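Everything below concerns the one structure shown next.
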Amino acid sequence: KDDDGDTGGGKGAGALKTGDGVTATTIPLGVLTDMTGVYATLGKSVTQAQQLYMKQLNDDGGICGRKVQLTIRDHGYDPRKAVSAYTELEPKVLGFPQFIGSPFVAAQKKRIDGTDKGLVIPQAWSANLLGSESIRQIGATYDYEMINAVDWLVKSKKVKSGDKIGHVYFEGDFGENALAGSKYAADEAGLEVVEQKIKPTDQDMTAQVTALKKAKVKAILISAGPAQSASLTGVAAAANLPVPVVGNNPTFAPQLLKTQAAPALLKNFYFLASTLPIGDKGSGPAELAKTYSAEYKGDLLDNGIIAGWAAADVFAKALEGACKDKNLTREGVRKALLSMKSYEEGFGITHDFSDPAAPSTKESYVLRPDDKAKGGMAVAEKAFTAPAVEGYTPEG
Amino acid sequence: MTEDAPEKTADAPGQTPSLEVRDLTVRFAGLTALDAVSFTVAPGSLHAVIGPNGAGKSTCFNVLSGVYRASAGHVHFGPDELTGLPPHRIAALGVARTFQNIALPPYATVADSLMLGRHRLTKAGFLAAGLRLPSAAREAERHRERVQEIAEFTGLERYLDHPAAALPYGLQKLVELGRALCMEPRLLLLDEPVAGMTSDERRRTAAVIAGVREGLGISVVLVEHDMGVVMRLADEVTVLDFGRRIASGPPAEVQRDPEVVRAYLGDTNNSEDAEEGVTS
Amino acid sequence: MSSRIRIGLIAAGALVLLALPFYVDRFWLQAGLFAMAASIGAIGLNLLTGATGQLSLGHAFFLAVGAYGYCALADIVPTALAAIGAVLVAGAAGGLLSPIAGRLSGAYLGIATLALIFIGQHVLFNASDLTGGYNGRDVPALNIFGLSFDDTETVVLAVPFESMEKLWYAGLLLLAACALFARGVLRGRPGRAMNAIRDHRVAAGVMGVPVARLRAWVFVLSSMYAGLAGVLLALIVQRTTPEYFGFALSLEYLAMIVIGGLGSVAGAVLGAVFVSLLPQLFDRYSESLPLVSASGTGGIAPGEASSYLYGAAVVAVVLFLPGGLVRLGSAATPRALTLRKKEPTDESAPA
Amino acid sequence: MPHAALQVGALTAGYGPVRALREVTLTVGDGAVVAVLGGNGAGKTTLLRAISRTLGFHGGAVAGGEISFGETRLDRLAAPEVVAAGVVQVPEGRRVFARMTVADNLRAGALGAPRGSRSVSLERVHDLFPVLLERAAQPAGLLSGGEQQMLALARGLMAQPKLLLLDEPTLGLAPLAAERIAERIREINRQGTSVLLVEQNAAIALRVASEAYVLETGRVALSGPAAELAASDEVRRRYLGVVDEDAAADAERIADAAPVLRRWQP
Amino acid sequence: MTTFFELLISGISLGAVYALIALGFVVIFRATEVVNFAHASLLFAGGYVTALLTDDIGFWAALIVGIAGAAVVGSLVEFLVIRRYRGRDHSVLAIVTIGVDIVLLTDLTRRIGTDVLPLGDPWGDKIVQIGPLAIPETRIAALLTAALVIAVFLLAFRYTSWGVAMRAAAEDREAAALMGVRLGRVSLSAWAVAGALAAIAALFLTVFPTPGLERNTSLVALKAFPAAIIGGLDSTTGALAGGLIVGVTEAMVTGYQDELSFLGRGLGEVAPYLVMLLILLARPAGLFGTRELTRV
């Protein structure tokens, strides 16, 4: 019986210190994804992107003369499966470039920080995961996105001090973390937030819109799923409440542009993200889009691809760093990542990983649906950081 | 967790009290099943209640055993008022019954059905049974012996480990009787106990019922359409028709009562029916 | 199978179970522990649904009460007491439901209890300061007389014992105790009364069984089992999250008892093991299944394959083993008798 | 209606290991009324189940022999097809649809019958059992035992059978009602329906029937014209309960043999 | 005040959709006394077929095919699974349907993948203005359809031989067989019908205001449970009433979330269950359900 210990791998390659499953030939990494559950949309893109990245990486000779090897477990967003999958892979892998479902990451936080200490990159941007050396998100957390969103609404004259803005959000960390941001920013800007909490089973936003209409909101923030944002935008338009709808992270999917809601979305919907959209002309996205489509023909392009790719890239960079420091262990990888102060993955944002307590960036782009662009998204305003973020400390 | 320790076990057999039914009335949406019916069952006697189908006999039993609520009237069993008590409280007073339409758990063995009859006489609650306290074990042992006795008495010993549903109708009737006896009742209500038996089976069952009365000296109320059995066993007969009492008295009289003949027996064949099942 | 052989088998099985932590790794122990927790919960549900005929879809709620109750109580009392307290709280929660549990039955009770889940989850999400809201709560490690069930290594016979290893034995102990208790209940006086209620409510009442009260008590008892299962689960996962205690979980428990065998303890355990291990096995080995392509290579993902198989298995077992897995072994309790067994032979038919 | 007789040849049937019927052979001539007597567990119900092909519902099966009604081999059909062939059973223990109204129970009975004739047969059963008209709207489960028995019988008649299988039709009926049933059976029979009558009330059965069979533990023990059987001592004693001396003595013995139950000392 | 009416309207129209789903449960329950957990996946199947074909053969044709398709799926479930079950315990059959549901859902979600499929209905996002109130045409259509379909079934159950046979079979299979009821056909037809109903429900569940059929659509079918129970599991009228009650409760509670925030937010989904509990306390068999009879 192996005791999750530093026994794996020999002391090969000079004084290179290895462990945690790293052998003379391979660096095993774990991927805990959801390809059959509620986040299947995200999971598929992220995973495929990461597989693509690692394939290229290995073709170029891998890292430290070793091939990187992904072991994938699909937990279908079932907590018990997720926990089991982590328990199964943890002893065998150096770290996790993907772990979908922040509740599950949170569930393992204790073990990750306490005993395992392997680098985990969650595909979830909730601030309650901040503050750990081993759990590192890439990009702004939900709350920062919403702060930026509010700031943008104000400075683009869509709302003014004294106005009300609505915020429709999912029960759970995604929505409620986003709400924390919007509330903070609203206070700063002298706005009032009208809350509408929903569950994934609420797919008809009529009642919510009615309530917001009653409250005379001037803009609506939404932190929910694509179906909800489509319904919300559609109903708002139909119920002549022609206000801007601003969403963040997974609230938009290009598929929506094929539905009834398309016109409304094109007209009123905005979207905050801390990367360029996949459809952007910029070199990074364009190239990725090309190679990805070449690999997975017919698969839709969405921002999950970028997220996955970026995570893989960051992990790889950290591995290289660790390799340089002759310390290809979990500890080494962590250290290497902490030393990455200005990392630019080619998606338009510079990240700083030196402070585990802060997100790697506080910047966001404002995007808009665009039925011509790949991935259905185009930049409406380039990356910026709301002044308000300075005073803000995420509750973690 | 002695969730259902029997409420009242002040029923040392022997001083069987008398059963008083006073102006018992039961109404259902649209019809009156029992209309101010009164009769008294003397301690240790066998009282037959007969009458046409739908006369209200089973309804009467349902009230006596707490399954139905009476719309009016009273039932006294010695000092206790039965009307308004829930079934299990009435059972705790020593009132047992059988059902006209067999009501046995289909897959439970006959032995288990009989042991269920001991429920009110035993105490083991969740804790005792769960922790297998010796007291519970001893209790179970003692009562299994008694069940064996009663099985032999009713002639069921051969079927103790058969599931009830696999037994023919007549035997199932007998199991019901046995289960009622296992309650060590002071008052026994039998709803058509010999229905669906051949006449010598009827005779045997009749013998059992007689034996119960002699052996235990308890009161029995008998609903039965087999006049032979009624004539042989009953000390007193009450006749119902459309929920009203149309006659009562010793069997021989009642059988001659023209009302009864008209409403129930029909003159064509009562002699023949009377023959049925008569012995000794 | 003769009782001697049977005892022999049981002893052997026990030995294997006791030895396992020295040989298998954390994943398997954890899987095993999940199965144990499930077994305890399933036994509880089988007392209610199998033996008393009271369909319940709200089991997940009581699991949640147990799990969160433990976390909450651990703030104020020693963890050992907290565990006991949590079980009692779960029982109390069941008791609060007795007006419904006592009166309803069948599908109506089933779906009425379904309400508990949604209400429960709502509370879990919103009563943040007690439940930690969407974040859930860290589960303080159980600590009995200085022996702490956390991840601090205690080396036993050159094998480092972490939480899973220690919990393993605790789990075994609890499961054995719960199973024996339930078996006693089922074979004893309460069990007979419960079956009577299931088979013929009115007759049961007339036989002296206080129907409503007994139903309520059984509901309490099964809730306590669920509570205990919840505590154990919490200790295994070391974190409670609201999502987990949902509709799906309740259905899982229902599936367990039906697959294992309604109304019998052995059935509950078999079913629990079946239902909680199968998906994990499928997940772990699904790459090696035919016509399955590893996650993310398109085609049928392992996750999908495993849920296909799981669903099919559920159907197959129920269809082809009516009466459940217990039929396989002779572990059937007398209560699981069918008409097939023990019929009168024709000699015994009366003349 | 086409002439048809029920032929049961060397029928063997049982439930799992239990042999409930062995080599039973019996005939119900067209337009005849045949009675089957027998003690508990003799196999009477099993016989009817075998004819109606409902043994399967009880984990039983036909092991051998054949059953034919006119040209049709019943033992090759499924239960509903047997009904379609004109063989209708009124099962033991009523089995009325408790939650359906009396009226709907009767409609259910007519499902097997040709559509047009329903109103006719409805009238017939109503003047046969007036109580069913009064209670038309009441859930059948709330009827009294005997009323349910009447309903069960009426439901069977609604199908306008060529052959009617009756399993203890007078069970739980008041003497008067039982008498009326007996008359009605004759009447139905006069109208051209053959009847196979399983009955504990041998007095009535033998009076109604033209032929009779006596089953004992699954075998045909006696058979012949009803009148002859009614005359035989065996039948008189065991099924008619008519007492001659030795029978009385015998009965005495039974009574004594029956152990007395002593009080239970807790 | 207009807010109230707007909420009322949106509640009723949403409720109509729930009613349609609930009716599916009711049909199966009445015919077989089985609580059908696979109904969600039947619904999903119908919607999926419709969505696939709508572009090629036009909406109405696609809808017909979808309905037929779901009916076929339903029949298959009955024929391949339900019919094979030899036991008599209905709660066990319910578990079988859970298994079926898992398989069907897995397959359908796999096919749908990450897509959001519009059904290409003629109503689009058109709105009917009644004074200050705006009602989507889709929902008016839903309400009418629900009322119509439910009326039809009410009559069918009461007055057709099919209905009688179905109820008889549900209560006592053997006795029904003795009446000449072909048990197989009856339950087959019931499942086919349930499938068809599910497909219709799927349509109204996925048109405006919701963007289209997607993998989470089936979750919504859960809400039909309280609807069916509130009305009474064996009552068609109940399905309508229950559906409307659930819809309105949900809309109201959501709309007045601010006023109710002390109960915690997002109560919209929970409220129907609370209502259900209250109703069950008063009427253990739902509003229109038949109480179990205790006659011995």
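Labels A, B, C, D and E are assigned to the chains in the order they are written; within every chain, residues are numbered from 1.
Throughout what follows, contacts are C-beta pairs under 8 Å (C-beta built on N, C-alpha and C of every residue); 3 or more make two chains touch, one makes a residue touch a chain.
Because the structure is a prediction, the values reported are computed rather than measured.
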Message = Farthest chain from chain E, going by mean C-alpha coordinates, please.
response = B
Remark   = Max Cα-centre separation from chain C goes to chain D
Inquiry  = If I rank A-C and B-D by number of C-beta contact pairs, which comes first?
reply    = B-D
Task = Quick one: report the Å distance separating chain C from chain E, using the average Cα coordinate of each chain.
result = 31
Key: Distance from chain E to chain A - Cα centre to Cα centre, in angstrom   = 37
Task = Calculate how many whole Å lie between the centre of chain B and the centre of chain E, each centre taken as the average of the chain's C-alpha atoms.
result = 48
Ask   = Distance from the CA centroid of chain A to that of chain D, rounded to the nearest Å?
value = 76
Ask   = Taking each residue of chain E in turn, which ones touch at least two of the other chains?
value = 106, 110, 222, 265-266, 269, 294, 296
Request  = For chain A, jot down the residues that touch at least 2 other chains.
outcome  = 36, 44, 171
Key: Multi-partner residues of chain C (at least 2 other chains)   = 125, 202-203, 301, 304, 307, 338-339, 343-344, 349-350
Ask   = Can you name the residues of chain C that touch chain B in the complex?
value = 180-182, 184-185, 187-193, 195-196, 198-200, 202-211, 213-214, 217, 221, 334-335, 337-339, 341-344, 348-350
Query = What residues on chain B touch chain D, complex-wise?
reply = 13-14, 28, 30, 51-55, 58-59, 100-102, 121, 146, 149-150, 152-153, 155, 166-171, 181, 184, 192, 195-204, 207-208, 210-212, 214-216, 225, 227-228, 263-266, 268-270, 272-273, 275-280
Message = Per the contact definition, I'd like the list of chain E residues that touch chain C in the complex.
response = 29, 35, 37, 81, 84-87, 89, 91-92, 94-96, 98-103, 106-107, 110, 222, 225-226, 228-229, 233, 264-267, 269-270, 273-274, 276-277, 280-281, 284-286, 289, 292, 294, 296
Query = Can you name the residues of chain A that touch chain E in the complex?
reply = 36, 38, 40-41, 44, 171, 194-208, 210-211, 213-215, 225-227, 230-231, 234-235, 237-240, 253, 255-256, 258-261, 264, 300
Request  = Please give the residue numbers of chain D that touch chain E in the complex, ascending.
outcome  = 52, 54, 57, 78-80, 83-84, 88-89, 91, 95-100, 104, 107-109, 111-112, 139, 141-142, 155, 159
